[in-house]
Amino acid sequence: MSASPLAALFSREIRVARRIGGGGTMGVIFFLILVTIVPFAIGPDLNLLSRIGPAILWIAALLATLLGLDRLFQADQEDGSLDLILTSDTPLELIVLVKCLAHWVVTGLPLVIAAPLFGLMLALDPQALWGVTLSLLAGTPALALLGAIGAALTVTLRRGGLLMAILILPLAIPVLIFGVSAAAASFSATTPFLPPFLILCALTLGTLAAAPFAVAAALRHMSE
Amino acid sequence: MWKYANPTFFLPLVATLLPWLIGATVAAFAIGLWGAFFSAPADYQQGETVRIMYIHVPAAWLSMFCYATMAASALGTLVWRHPLADAAQKAAAPIGAAFTFICLVTGSLWGKPMWGTWWVWDARLTSVLVLFVIYLGLIALWQTIEDASRAARGAAILTLVGVVNLPIIKFSVDWWNTLHQPASVFRMSGPTIAPSMLWPLLVMGIAFTLLFTTLHLMATRNEILRRRARRLAIQAASGETDAQPTHRLTMTGGAQ
Amino acid sequence: MTASPFTFPTFRLQAEKLALRRGSRLLVENLSFSLTNGQALVVTGANGTGKSTLLRGLAGFLPPVAGQAHLEDGAGARETIASHAHYVGHQEGSKPALTAHENLAFWRAMLALPGLTSDLTPEAALRQLGVPQVADLPVAYLSAGQKRRVGLARLLLAPRPVWILDEPLTALDAAGQTLLTELMKDHLKMGGMVIAATHAPLGIESLHLSLGEAT
């Protein structure tokens, strides 16, 4: 009769996200705006844009992912849900993982799906489109999990968004390096695609395994 | 447990150690600086600019040593919940940031004659820059969260996350750097350094470590005193006279 | 009210030399007590004497500075209080964007204990709390008292032996307060336990713990 706790949590997260701020659409619009303003900054030269296109898409995805994350736990802290979640029998690490997964489905996945379209606007060739999309698919979960660490550390702060970015962006450098490298290698004649892509996958898997513990520890300590 | 957490034993210890530490630091700097500026020869390639190394390399060493100190304190904060560890960690962050900054500035000054430009996205410099940013983030976290013990635990978790992440960042930056290899990169020939240049470097390394120890002990002591002063102020404000809590619990049994 | 569908297994809540602090201030020190099935403990005290701190400590949100508190089942095995307790604090834990039904269904799934399930539906629980009409309304549209009742409905949906209630009468009207008293009486009759901090009398038989300044 009653659903499993984690399934119930997942569906609650998706519902809340859909009803507030339209869920992923806001992130995609932000992504679009970032991609739009870059040519205004560096000029409409398609050769240049296609060369740095993967980097633009990655930076935009990084910022769009972090932007929505500051409310990940704060909303639960403010309405008292976080306390109640702490009294659940389910390990907090799993709860964190499911919350991050739901957040990624709502905000990260739309970015991945939108990436090829925005790539076309930056004159990427088909191979590069594939490379960027694949690398974003493999890398954005790691960004969401790293961001969750920052979200948990700033859970009690009213305006924690900026601090969160300061704390988390340095930690996201490896993901950015290998994500952009994999994307760039996909259309380069000289560098192979697989090594950076596999390292990117390894980073995501490692973050998947380790970050929930850091997030759960931070939530326990910061919500006292 | 509450009694031990009160770091009264620490303050007399610092008072005893400090004069000796200050003396040792001054002596080590006197020998090290004399060695660096007068005894050691100028480099046959780099000339007099090589003397920046005697500041730059120890600062780089301290930038990492200080992070290690913070990581150890972070464990003390999270595992034993010891207020002394809180204070030690908080005190180390600005010192670490300062040494890292010195490392970056001297690296940049050294880079100008060597590379012909103030800044190069060299793997080593870039890694140190990231470390500097992480220090600043930790300090920002300390300053933003008002409750001291909560701030301590948040910073401790972030410090330990950093311990796991720093090697990955270093590896990534090295990888990134070989991918975008600049035309000419100056490499310091580590193990083949001449003994006449090595000993002042080692003495300077010791001097910097002593300086860090001295500053860190002083800063930790100041942090403890600052907290004590604040606690007294709160007690004065709430009309309490004793450092111990005056609350009593009484229990009246039975149903009514 | 409704007939009790079951009784809770035998257990004991034990606090041993508990010390708790909020920020840098030690508010509770050397507190020992023991409660068993069907007993209630009412905590009173002026503002700032540590009632909420004590309840949050018992619920496991604040680690004790010294001592400990735990549950002991009939066989003497120890368990945490948190995973067997309902905590009712100043916030309800309801998402404003979701309906009362959705919120309650979520908390039932999240907080239900294995072997202790209730066959109440969220609608039936809301009916027991006298607010059946709000089931399909987003919680954002409800009044403070209605929100409170929706929050309390989860205590019936996911039976847990220990109720930890911090000022449970807040925002409730007279009828609501009577209702809550009845619910607590039922819970105690089922072998449950209530620990409540309050300024107003709750109307249940209880042990009494007063926190405050030494005089």
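The first chain written gets the first letter, and so on, giving A, B and C; residue counts start at 1 in each chain.
By definition in this document, contacts are C-beta pairs under 8 Å (C-beta built on N, C-alpha and C of every residue); 3 or more make two chains touch, one makes a residue touch a chain.
Only a predicted model underlies this, so the values are computations on that prediction, with no experimental measurement involved.
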Farthest from subunit A in C-alpha centre terms, which chain would that be? C
Of the chains shown, whose Cα centre falls closest to the middle of all protein Cα atoms? A
Chain centres from averaged Cα atoms put subunit A and subunit C apart, in whole Å, by 37
Indicate the whole-number Å distance between the mean C-alpha point of subunit B and the mean C-alpha point of subunit C. 46
Taking the mean of the CA coordinates per chain, how far is subunit A from subunit B in Å? 31
Show the residues in subunit A shared as contacts by 2 or more other chains, in ascending order. 224
Can you pull out the residues of subunit C that are in contact with at least two other chains? 63
So in the complex, the part of subunit C that touches subunit B is made up of which residues? 19, 23-31, 33, 49-50, 63, 65-66, 205-214
Where on subunit B does subunit A make contact in their complex? 78, 130, 133-134, 136-137, 140-141, 144-145, 150, 153-154, 157-158, 160-162, 164-165, 168-169, 171-173, 175-176, 179
Any idea which subunit A residues touch subunit B in the complex? 149, 153-154, 156-157, 160, 163, 166-167, 169-171, 173-174, 177-178, 181, 191, 199, 203, 210, 214, 217-218, 221-222, 224
Taking the touch rule as given, give the residues of subunit A at its contact with subunit C in the complex, in rising order. 1-5, 7-9, 12, 15-16, 19-20, 75, 78-81, 83-90, 223-224
Report the residues of subunit C in contact with subunit A in the complex, numbered from low to high. 56, 59-63, 82-83, 85-87, 89-98, 102, 105-114, 117, 119
